Amino acid sequence: MGLPIPLIPQLPEGKNFGLLARFENAQTIYTACEKVRDAGYTKWDSHTPFPVHGLDHAMGVKASKLPWLVLITGLSGATGGMLLQWWVSVHAYPLVISGKPLFSWPAFVPVTFELGVLFGALGAVFGMFAFNQLPMLFHPLFSSKAFARATDDGFFISIESWDPKYDETQTAALLREAGAVDVEVVENG
Amino acid sequence: MSHGPRIVDAAQMDLPAGSLWRRLPLVGAVLAVAGFGLSFAMRGGNEEQFYSSWLVAFLYFMSLGLGGLFFVLVQFATKSGWGIVVRRLAENTAASLAVMFLAFIPVYMGLNQLYHHWTDTAHLDAILQGKSPYLNTTRFLIFGLAYLAIWTLLALWFRSGSVKQDTTGDHDLTRRRVKWAGPGLIVFALTSTFASFDWAMSLEPHWYSTIFGVYYFAGSLVCVFAFLSLVIIGLRRAGSLEGFVTVEHMQDMGKLLYAFVVFWAYIGFSQFFLIWYANIPEETVWYLARLTGNWKPFTLFLAVGHFIVPFFFLMSRHAKRKNLTLGVGALWMMFMHLVDMYWLVMPTFQKDGYALTLLDLTTLLAVGGLFLAAFGFFLTRAKLVPAKDPRLIESISFQNF
Amino acid sequence: MAQLVENTHEPVEGRAPLILGGHDFKSLTDKVVEPLERKTPIGWWLCFIPSLAMLSVLGVAIGWLFWEGIGVWGLNNPVGWGWAIVNFVFWVGIGHAGTLISAILFLFRQTWRTSINRSAEAMTIFAVMCALIFPGIHVGRVWVAYWMLPVPNQMSMWPNFRSPLVWDVFAVSIYGSVSLLFWYVGMIPDLATIRDRTPSRVKKILYGMFALGWRASTRHWQHYERAYLILASLATPLVLSVHSIVSMDFATSQLPGWHTTIFPPYFVAGAIFSGFAMVVTLMIICRKAFKMEAILTLRHFENMAKIIMLTGMMVGYAYSIEFFIAWYSGNPYEQFVFINRAFGPYAWGYWIMVSCNVISPQIFWFKKFRTNLKVLFVVSIFVNIGMWFERFVIVASSLHRDFLPSSWDYYSPTKWDVMTFIGSFGLFFTMFCLFARFLPMVAMAEVKTVLPGADPHGDGPKVVIKGAD
């Protein structure tokens, strides 16, 4: 994966980015992804205007590690919150409020909980951005006019030319066999 | 290549012929008789312990039936799709309420031992005299019978229509239940709240908490989702429900169990926290009783065991999709709910600290046996799944995220 | 138009379609993005200009408050909390419906939420903005408002973490932040859609920046969906906790009518109740204004009416239990509060509350009225009036007559209290108008998942039972 450097993809040198194939609907892209996965390609992706149920399995993509990150950030937030309140109420600025003990742990629960949720949420959002290497404002696929449909009603598969099994004619043939309506070559840079 | 529809075998909707589950009504009956016999034998000179242990068991198994009834009502009110395959099991659980009036008899007989603070009408202070229009034995009996009658009516009506539909496939049966589920829920909310006030909160008649009914309700749901999870795991291992109740339904049961564990903690903490914060002696006395002597570690055990442990143990998706982890978690929660009921009742009678006795076990066997006998009776009398429910296919085929 | 009312009849053996009008993915995109691409219609200006006018009223009221001090409000002894806290709780409560729709309905797999969640989440953020104004401006010495935050300062002073008001600072600001994150993350795919179709270079850059370069990749969708599920799972306890913490402003006291254990869940139910009513009000207007009848169907409104009923019943339940326990407690002060509420100087407010909150939603027992938008609109407004009065009754009736009769007094708002409240609506509607003008009001990517054709395995039956009779 490498370190996420925002805005610009770190791609190897080469004339072409790869192939971009458009499919008619969610059903055909599902079967096509299974074919591409079974053919042994690794540097490829599919693009759909909405998340298609089960398509990540069809592509052979492993489950996201995001929940673990969120657990860590969330627990850190909660622990930090409790520590902050303990330090403030017992050491930094101890006040006796209506006879309650200095370390009034029941009273510290609300803020602890809220900070746990906040840091969990931050972990989820920024962790997701990191895993997805977003923001990445420039990408060779945007040079394709057809690709604009990926966020509208188009279903695409893109196979990068750096994939070991990539061959411009054979890969394009595989995609056409799988049901691609259009196949185009996308330039790099 | 297209994926054709999955085929499931209709025979999976029945218990296998020689299955031990078919013996459940008999086993339950034997346990009930044995439990009651032993309890009765040990009652002499120890009446207060007999009745208080009985009350704990009664509250526990009532909450199981009530949880089942709530689930059935909500399934109909929301026209839910996923839950249909498990609804019959909840209907059977709810139907156990029909025999609970038998378990109520000892509660009524033990009124003077259990609720002596307000039944002793000769020695009431001014405050309790003020409460006597509500806290009196006649009203207690009438309301108690009314609650049980209403719950029995609801549970049996909802179940009978569902079972009838197994043969007739009549959609009107569903429509009528959807229509009456809403009013049923209102009646459920009010009756279960006042039942918890009568049976549990009035043990300490000077104390009161507006959230008490919600607390009892939350615990009931934890218990029923744990119970249903265990029943599903058990039935699948016995060779039934294959293809009908899938790992997706198990995960949903696990999610509901988890959600209500958190909800229980939220309600329990709200009650504790507000009383702790305002520190008014009239209110704190109830918690002080639960923090005296070895009640203090008991209370800590309740908080940790009923919330902290399952919060982490059942958090992950995987834990809820595996028989072993969901089963262990569910079994633990059924135990912790018992600990909760014990914690609600016993501090009134054991002021210096908790002291477990044999009567706790035998009364549990008695009422539990009664519950199992009823549950088993209803379970073996009909198909395990609403065979002709209009949305059955949707229920079988649903998938989680 | 007969086609459009079809989906409220729910067949017992199936599900009615959610989106009507035979939409496919492309036509849905067109429908939702079209208001953003065309020239601003006159109707929008007719909403925006009055909203701005109300917003300026807010500015004047706040300005005068800062200049003259809190004395311009109607607060007295013993009623030290008045309209400001009522309005605060009112707005925070409204905000909760957005999160419920986004998060809780998502966890319950209620796919009908997809038509309303974007607008409801936007409503949440604007409602929280309005809510935060009141604690922000009411402190008196606004220039030291930072004392509420745990930041090191030259006096080595720190906040009192045992105070519910400090918990509020954390709860409401965290709630606003997480809602903002949830709303924004949900919008990224839709911002990419707008980016990809706009002919304007300026718009392409602006929307493109916020779309972060989203290219609809399945590998990205996978992490995205996980993040969305996690956010929904976090936002659910968050929404429960925030209004519970707000209720603790009252419940942690020793005041009869305030100190009662059921407040946390009761407040949460009330918040969802009023929030859904506000969503209904806004969505009925938007549906007409943007001609979204096929996407915001009667079925969506019927479901919202049912949730309004459900939460209204929960509020009614809490009223009854509070009343019963007040009697049961034998505490004369507690008993007096409830008699005073119904028959004392604020009885008018109490009965408005009861009729709006308990009686008016009962009309939704009848399907005919659940699916009638005129009735829905009127009832939704009543509910919000009722819920405002609920907070007012709680605050004013409990404070104005507590333990010592010689301290009793009556509280009335001043015109500055009223102007601040009206002005807060100005802020709310101004923000909502801007949202409707510049951002996609419907979560397109999410709605597409409920259209026919979204399922890669087709829409046919997935399971067949062999051997059934």
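Here the chain labels run A, B and C in written order, and each chain numbers its own residues starting at 1.
Keep in mind that, in the parts below, a contact is a pair of C-beta atoms (placed from the backbone, for glycine too) under 8 Å apart; a residue touches a chain by one contact, two chains touch by 3 or more.
Everything numeric here is computed off the predicted structure, so don't read it as measured data.
**Q** According to the touch definition, list the chains common to the neighbour sets of subunit B and subunit C.
**A** A
**Q** Looking at A-C and A-B, which pair shares more C-beta contacts?
**A** So, comparing the two chain pairs, more contacts are at A-C.
**Q** So the centre of each chain is just the mean of its C-alpha atoms; given that, what is the distance between subunit B and subunit C in Å?
**A** 34
**Q** Please compute the C-alpha centroid of subunit A, do the same for subunit C, then give the distance between them in whole Å.
**A** 30
**Q** In angstrom, rounded to a whole number, how far apart do the mean CA points of subunit A and subunit B lie?
**A** 42
**Q** Check each residue of subunit C and list the ones that touch at least two other chains.
**A** Expected reply: 225, 237, 241, 248, 457-458.
**Q** Any chance you could list the residues of subunit B touching two or more other chains?
**A** Correct list: 2, 273, 277.
**Q** Can you list every residue of subunit A that touches 2 or more other chains, as numbers and ranges?
**A** 27, 53, 67, 107
**Q** Name, in rising order, each residue of subunit B that touches subunit A in their complex.
**A** 1-2, 269, 272-273, 276-277, 279, 315-317, 399
**Q** Subunit B touches which residues of subunit C in the complex?
**A** 10, 12-15, 107, 109, 225, 229, 237, 240-241, 244, 248, 251-254, 259-265, 309, 313, 317-318, 320-322, 325, 328-331, 365, 457-458, 460-469
**Q** Note which residues of subunit A are touching subunit B in the complex, please.
**A** By the definition above, subunit A touches subunit B via 27, 31, 34, 53, 67, 71, 98-99, 106-107, 109.
**Q** Please output the residues of subunit A touching subunit C within their complex, sorted ascending.
**A** The contact residues of subunit A facing subunit C are 7, 25-27, 29-30, 33, 45-56, 58-59, 61, 64, 66-67, 70, 74, 84-85, 88-89, 92-93, 95, 97, 100, 104, 107-108, 110-111, 113-115, 117-118, 120-122, 124-125, 127-129, 131-132, 134-139, 141-142, 147-153, 156.
**Q** Show which residues of subunit B lie in contact with subunit C when the two form their complex.
**A** Residue list for subunit B touching subunit C: 2-3, 5-11, 79, 81-82, 126-128, 130-131, 134, 171, 174-175, 182, 186, 189-190, 193, 197, 208-214, 243, 255, 262, 266-267, 270-271, 273-275, 277-278, 280, 282, 387, 390-394, 396-397, 401.
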